[in-house]
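Two complexes, one shared chain (chain A), two partners (chain B, chain C).
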Partner chain A sequence: MAGVSDAELKTMTQEERVTALGMRTEQLTGRSMFIEFDEAAEERFTYPWAPEVDFNKRTEIDTGEMTTTEVNRKIRALMAEGYGTIVLKDPRGKHSVGTGILSRLNLIIEGSIGYFGVGLIDGPNVRITGRVGWSCGENMMSGSVVIEKNAGSTFGAAIRGGDLVCRGSVGSRTGIDMKGGTIIVGGDTGALSGFMMQRGRMVVCGNAGKNLGDSMYDGTIFVGGEIKSLGVDAVEAEKTDLDKAWLTRKLTQYGLIDERGVDHFTKVVSGKMLWNYDNLEPTEKKMIL
Partner chain B sequence: MAGTQYRGSEIEDVDQFRKDAKGLASEREKEIGQHIGYRYDVNLVPDYERITPFLKKYIEVMGWDDLNWLEDIHMGYEEGAAAVFDRNINGWVRVPEHIELPDNQQDRDMLARELLVKFQMSDRHPLGTLRKAYSKF
Partner chain C sequence: MCGIAGLIHKGKSSNVGGEMTAMLQALKHRGPDSTGYAVYGAPVEGDYVMRLKVAEADDMARGRGAHKLIEGRVAAVDEILAEHGAEVKSKESATEYALRYVISHAGDTAKLAAHIEETGGVEILSLGNGLELIKDLGDAADVAGLYGLNEFQGTHGIGHTRMATESDVDIRSAHPYWAFPYNDVSVVHNGQITNYWNMRRQMERGGHRFMSDCDSELLAVYTAHNLANGVELEDSLRRSIEEIDGVFTYLVATKDQLGMAKDTMAAKPLVLYESDDMIAMASEEVAIRAILPQEIDTTDPYDEEVRVWRA
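Let's turn to the complex of A and B:
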């Protein structure tokens, strides 16, 4: 790999590039790749390929007559020019706006967007002044997204990191299959929120619909209002002092804390009763078959 | 209810998985020869009083107010060695043996976060190679 220059790689086909980079000989012998940290690694804060952007360099795009693809390409082009604050005006409920942004950026969307908005992002801070459709912030890796109004179902589906905040209420299956990160809902959340949650934290300031945390494997859910019902294997737990400090900090950060503080929040975790399926009891087997 | 129940062992000591790499404590774990569950507390939230200067600077550069995605990063253990799970390569990255580990999980987690950020942003991260090979745009 070391003997191949970037210029040479550019002249190759993908097949040739993959072979030249030694990726054909990789042996997948287990989970471990036996890579060790380099203690003397240079202090960098962004990916080597990330564009250098300046938060003080700001621009606006009137997206009214543009397609989603045009909008997303324009965002990338502006980032390559060093724009660190981009304002999207008149989004008209377009789907998949602002997806796949993999570096630092301030993105402000003035209006409402449709399905799968700002999904697959890794780093940007996004503020949406209107509403969002289904699966906002889906597969988000890092960064923050703040929605001023309401959101649709499967809000933050499969999120892996970062803060996804909706000041209003959200639909059902919020944080389905979430694998990390924090989802904060200022209002209520619908049924089956936290379904198959694997880790991360969900905070609901209002009420939660039925089957909260159904089949959750791990992670934590905090609910400030009433819980219609807990799902299978979701159980209440005691809040620690560290939990309270974290909750206070997080809600203060997004202006969602009220005079009651955080003591009234109920903590829900996995009961870990569904962790093993390898040795089902005969009666349990009967129920399934 | 379908399924059985959690038959793993609890984490009792910060050095538990360094002293006992296999971590077979419960009867079930001994029976199957495999540790059940994580080798660290995935639900442990960070203590911000222990944040390091490097992480403070990282937060500032990114324009965040807290550790953001790093809240989910913890120091874990692979085959008795301290390691951090890197989601971008779906594998463990080991902490060199000569690095002295702090005596508590919170400080170890901060160290893990620092090491992971430096590694992910370096040219030697495998994602750079993958990007060169497969990037479409």
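Let's turn to the complex of A and C:
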């Protein structure tokens, strides 16, 4: 919150810092602490050099004949001119469109993009009317991405924050190495989704392929349909009222909730206490290694 | 990395050569070493199109000696065709080392093919009623230009852009592979096969021949082996997921079918577009967009997924 210096923050306990920064916390299953910042605290997390943009200042780019580099440079140039809403038309499956945007921006992509789309972003709200290729939103830090159609494999690989939403189905290894944030899939997901997941929450409204949550360290996966099989370390857990409230809120927010509500979702978490987070006995360490 | 692409039109002929060129050129970044096509024109019963190479592209740098060598090999092929009673209806060469014959032949084509390949340096790339298999070094624009593929009319085709990882940069290691000696059967692959040598020895003991050290050739030989044992194409694709180790997404085309299989890890990509009159697939969406720029719905097949479509 305004008025609290970094020096003061350093002297506080974690709990005091959370209160001082105006954050709301929810203790989830296992060791995950889900933290949301209030709007007033948001300013602390923007980059000082990020351009000031006006969301009402809107422009369109016809990207059909442009290279990915030209498209991404154009986005940055327009942001420097204060454009806060940019529409990309006719992207034709180009790779790496919209990567590395570290500022607030409304980015609307009218069509489909290829691999590594909107990866490494920290702040923008992105809407894609088509589909995306492999590794969409990889290493995303914050903001939101909503895809209207399907997505390829490794959707949201190593995501750390923000909401990554695909209304259709996604490929295999969704949320591999996920470290935070939220991934929501309106349809099905493929094999090894949540592989080595470390934090965050994943929601799959449809079915999940084999080895769901294999080798997951932490985090939570909710599946509305059938799970072909659970991977090593993944176990079913009971949904709490907090889980249900969160699921209802998130699915409603993205228009993905149906008449069944959220009671039919299966909750999957890590069943293993891992040595790098917990001080385990040597024999236990050996088993895990 | 490699890129694969395929398309099949239902109940109609189209400019498959031009379409495949556009798709493969869009995948150039996945493998610039060589490019190959297996395209299927209107089949003519009793007439066979035979594509063969009588040297590698690099051999031409040897100068006059190479030309003499090639002349000798072509003469040997002509002699064997005559011995088998095959009537040569036309004979063209896109390059000095790559020839296209149209032959009329009523005998055993497998035996004919085997005898032709007894000529050192000669490899039949394809032999079939509708299949034409073309592969060479360079990108799709280079190969299509050299072999006049941009106007090729047909129902379906598969293609490949190769980044050489498991074997040399040469035509014999380029894809597609013909499933020797099966009429009109071709294969392209993206991935690595880790039990290649075990499977190869098994296939060789069963009498199959390998022309390269490229692991992908195994998929063509494996398909041929299954077909020889009465296995349907779809069953062969399913069986391969159990019996072949490694990572692979591969496409198989026959005279009127196009099939795909993805391994258990789903580690190699494929994007699929299906409509009532055509199916297009490629390692990346950008290739499909090269022929269908309008907004379309596409999906990624899952692990262990097998699909077969008919023209």
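Brief remarks on what is shown
Note that in this section the second predicted complex is superposed on the first by the 226 of 289 C-alpha atoms of A that agree within 3 Å, B and C clash if a C-alpha of one lies under 4 Å from a C-alpha of the other, contacts with A are read in each partner's own complex, and residues count from 1 in each chain.
Everything that follows uses one rule, which is that a residue touches a chain if its C-beta (ideal position, glycine included) is under 8 Å from a C-beta of that chain, and two chains touch if they have at least 3 such contacts.
What you are looking at is a predicted structure, and each value in this text was computed from that prediction instead of being measured.
A simple residue count on chain A separates chain B from chain C, and the partner touching more is B. When the two structures are aligned on the shared chain, A:Tyr115 is found in touch with chain C, with no touch to chain B. Looking at the shared chain after the overlay, A:Gly209 reaches chain C, while chain B stays out of its contact range. Of the two partner chains, neither chain B nor chain C is touched by A:Ala77. Remark: chain B residues 1-8, 28, 32, 36-38, 42-48, 54, 57-58, 61-66, 68-69, 71-72, 78-79, 84, 87, 89, 91-96, 99, 115, 117-124, 126-129, 131-134, 137 touch chain A in the complex. Residue ranges of chain C in contact with chain A, taken from their complex: 264-266, 269, 271, 284-286, 288-289, 293, 295-300, 302-303. Contact residues of chain A toward chain B in the complex are 1, 6, 9, 14, 17-18, 21, 23, 31-39, 41-49, 55, 76, 104, 106, 123, 125, 141-144, 160-163, 180-182, 199-201, 218-220, 232-233, 242-243, 245-246, 249-250, 253, 269, 271-281, 284, 287-288. On the side of chain A, the complex with chain C involves touching residues 64, 90, 92-95, 111-115, 129-131, 133-134, 149-153, 169-173, 190-192, 209-210.
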